[in-house]
Amino acid sequence: MSRSALIVIDMLNTYSHPDAEHLIPSVREALPHIVGLIERARDGGVPVIYVNDNFGEWRSHHGEIIETTLAGPHRGLVEPVLPDSDSLFVVKARHSIFYETPLSYLLSQLDVNRVVLCGQVTEQCVLYSALDAHIRHLDVTVPDDAVAHIHQDLAHASLRLMERNMNASIRKAASVEF
Amino acid sequence: MSRSALIVIDMLNTYSHPDAEHLIPSVREALPHIVGLIERARDGGVPVIYVNDNFGEWRSHHGEIIETTLAGPHRGLVEPVLPDSDSLFVVKARHSIFYETPLSYLLSQLDVNRVVLCGQVTEQCVLYSALDAHIRHLDVTVPDDAVAHIHQDLAHASLRLMERNMNASIRKAASVEF
Amino acid sequence: MSRSALIVIDMLNTYSHPDAEHLIPSVREALPHIVGLIERARDGGVPVIYVNDNFGEWRSHHGEIIETTLAGPHRGLVEPVLPDSDSLFVVKARHSIFYETPLSYLLSQLDVNRVVLCGQVTEQCVLYSALDAHIRHLDVTVPDDAVAHIHQDLAHASLRLMERNMNASIRKAASVEF
Amino acid sequence: MSRSALIVIDMLNTYSHPDAEHLIPSVREALPHIVGLIERARDGGVPVIYVNDNFGEWRSHHGEIIETTLAGPHRGLVEPVLPDSDSLFVVKARHSIFYETPLSYLLSQLDVNRVVLCGQVTEQCVLYSALDAHIRHLDVTVPDDAVAHIHQDLAHASLRLMERNMNASIRKAASVEF
């Protein structure tokens, strides 16, 4: 039987990096779909796991990732997707959600064998994470309207790579079943 | 040139596990030496990195590891070694400080090539971490009066294993130079 | 200073998998460029490292990978790029050349900090390997006429992903300097 | 249900390293028990997997590990435990049988969830491998008369560490059931 988790990638973001201007419009479009997935997962008792860069800060005991992102000019992109008290949280260094993080241990503790990936950036961390999930024998679903990109053409190619070579199910957020 | 970091292992602890009664007296003895190392590291601008289990909780955005340990009956073993605002913090799943954690990424960002390991448990996480540090080509120093054990004989053997097979420098905390 | 290694990926192949018919014409085109790179690397004393799937066989003590590929109908695609007595050889499970292989250990022993990737498949193992090399702080060069693909459009997108997001140098084989 | 594999660690050895004189007598004692385990595993259709250092050589396509060890003065310690045509073979860099090797992938392909570890060195690679197997949720059995040591006291302590902290079953080779 399939047990799913919803993974929210890098949505706690200050949007202060060089490519942010290209990313922000795409985040705006994806945001309601991500919110919808989070709500449905919470309602259904599906684990919601935030996996997030820490912007080079390593003081996660201060909750400073959230504070930092809420203090910036793009608070409006962060607030709708904040973790609640049941959310799980894993800090990643950069790149994949799995690379040198305890995520696969956490998933095995939760008996999860399928991950639904949403967030950003489609052609970077989402792509790498789909690969690393597939290597680890997890089923992967990526709702293509709930991931945000910097370059549309690379994002499109990345989704096709995930579908063809990483056995990912690419679909609309509304049609994702948990 | 050698750049060091002080690693404080699993000292944020509720001491509620089965072996705690054997561990606590050893922690009490090690505590002042650990405090001394932390103070000297802070004074010298040496990075102090807490690497800690999260007791199966994955809500590090709530700072709940610290709250949980301070709320328990062994607050006195935790308070003297609390992280300050400059401390770095890495959550581990269990076992080694390196296994599926971003620690080696963090160390490489800090240009650290030598780790000084203190904390607990000598014959478990400290041993495994010394091994993993050695495999990763880091120099390892373990002050034997600043690590706490459950079983004295296994701890003693573990320190000899570290010295002989993992090239660790075993010495007293007071003689550790940063 | 930069020390390079040439990595020859999955060129010891039986070409018996489902997509082989799409792959073979591309391999035929890439082959002379791969041969050229291998020759120049050998002449220049640059390590040539074969990293290869073992087709589910795990008896590398029998040299059976090479025997198997030479016994098949596509011997002509294998013979020109056979390892010589100085070649190094690493067996991979599947996917990336780094994932659960001793390659990064071998590279560190050789003091290599730059890998030149050639072979197959551009949009699969080459892409994943470029990512894993980049994560490990290695410089990456991919000669785009010395890698073979199954799907041209995905290969093209993969090369752009490598260039843009993995800091890879994409160039012609003839212009690669070791 | 439990499916086992027998893992033969570092028995293809030239015994030319500094500690060899301390190791050889212990190998001599363990040898008949290792041979017995291999025979019983082969008879029972249990996978026998050799995991072996390559002494800094990376030309496994030449079968040179076996040739090298047979050419040395300690051929008598190698010949009785040579792989046969059904044996599986994984090259490791050094340290654990799992660290940067495809072993866990191979075990998952074979549906193995229990490893029986024999070979050398008890207080080094066998200890590290037991730890890494335990971390990966595999059951571990170590027949203490089929592993060889350099230092008896460290070996003894290592076996106790495996039993107590890595949940290993420590027993005589004759009583190991596959």
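Annotations
Each chain carries a letter (A, B, C and D) given by its place in the written order, and its residues are counted from 1.
Just so it is clear, contacts are C-beta pairs under 8 Å (C-beta built on N, C-alpha and C of every residue); 3 or more make two chains touch, one makes a residue touch a chain.
None of the values given here were measured: they were computed from a predicted structure.
Each chain's centre was taken as the mean of its CA atoms, and the one lying most distant from subunit B is C. Between the Cα centres of subunit A and subunit B there is a gap of 31 Å.
If each chain is reduced to the centroid of its CA atoms, subunit B and subunit C end up 41 Å from each other.
Along subunit D, no residue makes contact with two or more other chains. Interface note: chains touch in the pairs A-B, A-C, B-D, C-D.
On the side of subunit D, the complex with subunit C involves touching residues 49-50, 56, 58-63, 65-66, 83, 85, 87-94, 100-106, 109.
The residues of subunit C lying in touch with subunit A in their complex are 95-96, 99, 123-124, 127-128, 131, 135, 151, 153-154, 157-158, 160-161, 164-165.
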